[in-house]
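Take a look at the structures listed below.
Same chain, two partners: chain A is paired with chain B first, then with chain C.
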Partner chain A sequence: MSTLVATNKKSFGSTIWDYLTTVDHKKIAIMYLIAGGFFFILGGLEALAIRWQLVQPMNDFVSAGFYNELITMHGTTMIFLAAMPLIFAFMNAVVPLQIGARDVAFPFVNSLSFWLFLFGGIMLNVGWFTGGAADAGWTAYAPLSTTSPGQGVDYYVLGLQISGAGTLMGGINFLVTIVNMRAPGMTYMRMPLFTWTAFVASALILFAFPALTVGLFLMMFDRLFGSGFFDPSMGGNSVIWQHLFWIFGHPEVYILALPAFGIFSEIISTFSKKRLFGYTAMVFATVLIGFLGFMVWAHHMFTVGMGPAANSIFAVATMAIAVPTGIKIFNWLFTLWGGNIQINTAMLWALGFIPTFTLGGMTGVMVAAASADFQYHDTYFVVAHFHYVIVGGVVFALFAGTHYWWPKMFGTILDEKLGKVTFWLFFVGFHLTFFIQHFLGLMGMPRRYWTYLEGQNLDLGNLISTIGAFLMGVGTIVLLINIIKTSVKNEKVSGDPWDGRTLEWAIPSPPPFYNFKQLPLVRGLDPLWIEKMEGRKGMTPAEPLTDIHMPNNSFIPFVMSLGLFIAGFGFIYQKQDIAWLSLVFVGMGITLGCMLLRSVKDDLGYHIHKEDLKKEAGE
Partner chain B sequence: MKEWMGKIRTLSLFSFLVIILSACGKDNLTALVPKGYGAEESFNVILISILVMIFVFIVVMAIYVYVIFKFRQRKGQENHIPKQTEGNKTLEVVWTVIPILLLIIIAVPTIASTYDLADESEKEDSINVNVQGMQFWWNFEYANEEIQTSQELYIPVNERVYLNMLSSDVIHSFWLPSISGKMDVNPDNENTMYIEAYEEGVYWGKCTEFCGDSHSLMDFKVVVVSQEEYDQWVEGMKNTDPEYTAESSTAQEGQEMFANSCISCHAIDASSSNPVVGPNLADFGNRTMVAGIKNYSKEAIVDWIMNPGEIKPGNGMLSAPYLQDNSMEEEDAEKIADFLMELKATDEPVDSVEQFKKDETENNN
Partner chain C sequence: MSEHDVLNPGQMPQNPEKATLEGKNKFMGFWFFLGGEAVLFASLFGTYLALNDSTNGGKSSEELFGLELVFIMTMLLLTSSLTSVYAMYHMKNNDFKKMQIWLGITVALGLGFLGFEIYEFYHYIHEYEFTLRSSAFGSAFYTLVGFHGGHVVFGLLWIVSLMIRNAKRGLNLYNAPKFYVASLYWHFIDVVWVFIFTVVYLMGVL
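Up next is the complex of A and B:
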């Protein structure tokens, strides 16, 4: 591997092997995109089944038990297996390029993060085939979750534990990458906003995920080893689970939303041909949202009986988040102000996001008012609110990012016409589905209802909501067609198809596996734009052409994750038959063995020699 | 001509009102037409926050629409490079300070009403009901009167009633949208809330914390009656007799079967000394609904006895021996229904209940 790998056509088998062993952030990004996309479609199908069940009162399309599995898996899948990995897809694809780095700080760990997520995600879904998936809601409140029969919730606990470990490692990896691997001249206050949001989101992951890990461990012991942490009859306390879950769960909203804001900041700035308005304020707003995000978890628990003092404190703290969020909205609007606004598909998603997310933020302040939340809580009002935030904020951003960075990731450009069709179908469908749900909630429809009675004036609203959901489904299908069409056509584009401003557009699309032949010299915010405005074609190198040190591929992360996957089954089934415990030993043995192997075997990587780089340039 | 115009106007006004009212939902279920103290308090905060938020939305949308139309790229302008503004201190201060002021407008009434709704100063002198939530029904024990009832809570109008709530299995949540917001019913600690209804009537209550298969069917009712009717009802409940003997002959046969099986879980008198296993059936003859969700009729009762699992999946009745060995014939169930329909605390019909039954039957035809 000491010479440049030939980029000739490779056999299918060797491509697969390449992806199984890759530590390249760009390939890992593609794997996150595919896996996240798959789970997004799976979660979407679950959503359609839910909406079909609710299309009319007293419907019996699915049974109550199966419905509960559907809502649980829809929420869990969308948050942990679709939104998170898709955010990670863009963080992987873009952040190293935006800071002018050749890879993330720990490429091996990066690969491990991905495989842990994927095996965890598969584990969660295995429940479908072994007698029922998790059915205690994505929040898995004890004691419903600790007493739920079957293995569904066990799969939830083990699956999230494994994929959560991957996410935590990913967060640490990006923190280290952004702190240590910025190109010369790329100071913190010159970092693109997407990198900033990825940085703050990674810090949130670092502090939030351990709470989930602890909660899941306690629940695992309660369910599988007879402890009683959440069982009041054994001296435990079920409300503790809610605290642990939301100490993780609320920052999780910002872990998703902040990078989404980052994506929109990049897109709005690029297609207005303007520098981001109030960049400094945007950065501080991001940090402030991240910080406040940890202070507000109990606003999910206003009706738990915490008393008026706690309720008031958490209400006011929550409202405070509206201030930095409002700052962001106005900064986006004033980035557009005076700009030369080009409306293509990516920009359409960004423009659709602003009013949608404003509505989500408005209802956010409304549900923050504790005494009003006594009415909203656990009704369709809240369902509407968080879909406005997570679909209107995060999913819109993922669609926008897909169109914006597709050229960088794959070297082709997604079809604009189909892209716009997707946007309008999805946008209209989204508002049809969720706007009416605000009213359904206040009219007396609680959340997680398998069915509703006849004659309660809830029929029309639910019907409209279901129609909207199917429009979103059609929109997503059009996007898939778009992706297939674009891939088949395979028309290559230049490295900078959007007249971009940040470093990722300074290199070819898709980038060579070493990213930057020479690290670029960054001279300000929007470094590529600065160079272009001064009449240069690209970045000025910050170093002479030298050998590039690259990491070796490794199969160990895959095997390590597989070990934990195997051990998971052992943990779940040892409760029925102690013989299953052997799987725990086998699985943990594989994982620990891999860790040992990785520790004792020196893997110093390899160098791309500068002669080869020159030769490549000469070709 | 003028008359004709006037008619049209009245008609359109009327249909507009109908649309508005139906948009607010069913009037004894919706939170949008508050008929009790808690619901009113919450509704006021909802209104304040909606008004403030609509103001914010209008400002954002005005700038948004202006910007999109004014600064959209025009033909031939593709390469125009606009001025690269860094920011504007004054503007940034403005959109930081104004939102803070707006939030204070919402926060003050929020805190005031949050404390108000948690007020327990009148608890000692008020009616206290111990609410017990279970998969998938509710038990109400009147602490001072030493009576209990299930599924339907009787309270006097314009009177503060304190609810002390505890679950005996998973977490439930007691929501009575038209009268008051909700409070969780935890297995760990007793939660207290109060309700006060302004108008007589029967109000829908819903379980709002996900609690299993029949979470969506764990409805209850709150029957708001005049003070006299309430006193009568309490008196009647106190006098319900565990040794009651049925009157009609079919009911007597039904009672015999009931005594051999059902009685092990269901009491027929309201004494609070009866253990809470299955719903208390004292006053069953005056129930507004069967199982909380079916219009009250003999057929509904029979149907419930024969197929409880189809009506409420996963409910506790499924473990009854007669369902295990399939020993119940439909005729038997009918006799039991006859017996149950005789169980009444007061013979005088309760106005609210009668009205509710009438409305519901019309509704479903």
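Up next is the complex of A and C:
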């Protein structure tokens, strides 16, 4: 594929093959968006089933056992298979463009990250069809998880292990991309805030995920190979799992939230027609949140019995995070202040986010107070708190980012009217669902129980909560209709529909596969805006028109991930019958063989010749 | 200038592993990866320290470990780290043959280490019935030391395949980063072993 004639009509089969083998960050972004969107809907359906079960006291819509599977898979799916991949979708779609790069540092590894995530996600859900999915809660506390019968938790362990490996590689990839691949003039303090948050989130991934990797290995050994890490009868200690899980789990919250902050920073700045207020403070607040994110994991374990000294230290550290987060909230407000504000769908989500997330932050400080947390712990108050943070922060950002970057990713613009309908349905539905849960929690309703008794004043609150959940569902359906309508209409827009400020808006929509014909010269923060203010139409090139070096497509990442997927089944079922161990050898053989092949076979890529680039431009 | 000419310059640069953008990326990406690996082993060490007294009525670390064997293993692995430094020194001097020889010595020392480790595990299992399943201490010991052993196996396979793959064509700017990164990995394995020697064996016996 050394010519530029890639946009000709292609058969369905060759399009599929193209996506199976692509190493282009823009196509990988689209695959992340589709796969993450699919799991988001799946997790949403699980949520609706949970809410329907709780619509009235002593309901029997689902059995208690199935309810446990629903809550476990809802949480796991939403965090690992919906929120994370959707964040990665935007990181892939936008970060290379924002720093003026032609791709990520390791395009091959980028593709591998995606396929590992997808096969891991499928693995997690296979449990539904083989006698029950994981049912020990998304946190999978031992000994509940180590003694859970069936293979549900095994699928959880293997599925997360595989998709976690993909995430770790993705984190490294973006770290190196942002350090090494910035265009001339793109200094660190000129990077758009979304790139900054992606950078810090990637560092958090790098240092947080290995703890989960180890935790999952220990659980796998306990469940499948008879070790005794979490088994007190062998001298084990189940609290070790909690520590490992939360050493990963708390940074994970910021891995999701920081890029969300980045998305909102871009949107608020663009639609206020102002440079982001306090850019430097925003960058330092981001780094500080990332750093403090590692110091607070035990605030999830106040009631475990760590003692007053440990509880106090973790409580104070947790409360300290409110400071940089507050800095961010005020900077967004000051960016809006005096701005030439344009309210469209993306901006509506941003405006809805600020008060919603602030509420989640307030309850965060409440649950951070260790002594008070003994009351809140494992009640609906905590459920309300983390949904305010994760939905009000992250999911709102994903909706906002979808509207904001859709034109860049697909070249079309989502319908504004339907977009606003989605926003209002989802926004009202969200607060209806979760605001009341604060009070349900304070009234003593514990989380994760499959039903409740009549006459305890919990009926009305739960009914309201369920109604709200269905409003969110309707809002999501409207978004899907919007996407279908926009795709069918297929009205192309310009490369810069929002009068943007950052580099991604300086190139056509969707961008050519090599992104920048000539790398741009960056002269400050909001580089495109600077050029516009000086009367230029686009960026000034930093290099003459030369041949562009591009990576080759490869099918190896898909096969390498498939190998681990196959080996996963072998690991799970060798406990029943040792013959299944053969699958481990087959699967690991495929994966290691692919690694060897990748190592010994030279992959030098190819060049787009400058004559072809000129021809394409009609010169 | 074709890709082949770019990767095979007449005069090799001072640091061939970082002469291309791909090489620079690989170099940095691998350092980040080692940062993640450090957290992985830190988690395993933490688990081990929490469980190293939980013998469940079985043999304790004082009764199990013998420092003589572990001392030999440590010397083998430390020396192999040194020989891989020599290999990288010759890579920078563009002396492919000497690099291969020193890498070969590195692999031989690594194999020696691995042999002793297999013997050690075999000994514990058959003489003392000390296994992954005998106690939480056993689980933690075999997982920590076994993860390290697994890294040694992977490192050996990696270095050997690089040596065989490039035996005929010599060094260029495409494979120099690969050799360099593999040697970084080998150093990391060595550093982890220093901690295992201290935390598991010395602290276990003393």
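Note that in this section the second predicted complex is superposed on the first by the 617 of 619 C-alpha atoms of A that agree within 3 Å, B and C clash if a C-alpha of one lies under 4 Å from a C-alpha of the other, contacts with A are read in each partner's own complex, and residues count from 1 in each chain.
Here is the rule we use: a residue touches a chain if its C-beta (ideal position, glycine included) is under 8 Å from a C-beta of that chain, and two chains touch if they have at least 3 such contacts.
In this text the structure is predicted, and so the values were computed from the model without any measurement.
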Exercise for the section: Look at A:V365 in the shared chain and tell me whether it touches chain B only, chain C only, both, or neither; answer first, second, both or neither. Expected result: first
Practice task
Could you look at A:I341 and tell me whether it touches chain B, chain C, both or neither (first, second, both, neither)?
Solution key: first
Exercise for the section: Classify the contacts of A:N237 with the two partner chains as first (chain B alone), second (chain C alone), both, or neither. Expected result: both
Practice task
Mind working out whether A:S312 is in touch with chain B, chain C, both or neither, as first, second, both or neither?
Solution key: first
Exercise for the section: State whether A:I247 touches chain B only (first), chain C only (second), both chains, or neither. Expected result: second
Exercise for the section: Have a look and say if chain B or chain C is in touch with more residues of chain A. Expected result: B
Practice task
Answer with first, second, both or neither: which of chain B and chain C does A:A105 touch in the superposed model?
Solution key: second
Practice task
Go through the superposed model and pick first if A:V586 touches only chain B, second if only chain C, both, or neither.
Solution key: neither
Problem - Common interface positions of chain A, toward chain B and toward chain C - result: 237
Exercise for the section: Can you check the complex and tell me which residues of chain B touch chain A? Expected result: 22-26, 29-32, 38-39, 41-43, 45-46, 49-50, 52-53, 56-57, 60-61, 63-64, 67-68, 71-73, 77-78, 80-88, 91-92, 95-96, 99-100, 103, 106-107, 110-111, 113-118, 169-171, 173, 175, 177, 180-184, 186-189, 191, 204, 206-217, 219, 293, 313-314, 360, 363-364
Practice task
In the complex, go through chain A and note every residue touching chain C.
Solution key: 105-106, 168, 172-173, 175-176, 179-181, 206-211, 213-215, 217-218, 221-222, 225-229, 231, 234-237, 240, 243-244, 247, 549, 596, 599-600, 602, 604-605, 607
Practice task
Using the touch rule from the top, collect the residues of chain A that touch chain B in their complex.
Solution key: 63-65, 68, 136-137, 141, 143-144, 147, 232-233, 237-239, 272-275, 277-281, 303-305, 307-308, 311-312, 315-316, 319-320, 322-323, 326-327, 329-331, 333-334, 336-343, 351, 354-355, 358-359, 362-363, 365-366, 369-375, 377-379, 439, 442-444, 446-458, 533
Exercise for the section: State the interface residues of chain C toward chain A in the complex, per the touch definition above. Expected result: 3-4, 7, 21, 24-25, 28-29, 32-33, 35-37, 39-40, 43-44, 46-47, 50-51, 54-56, 132-140, 142-143, 158, 161-162, 165, 174, 178
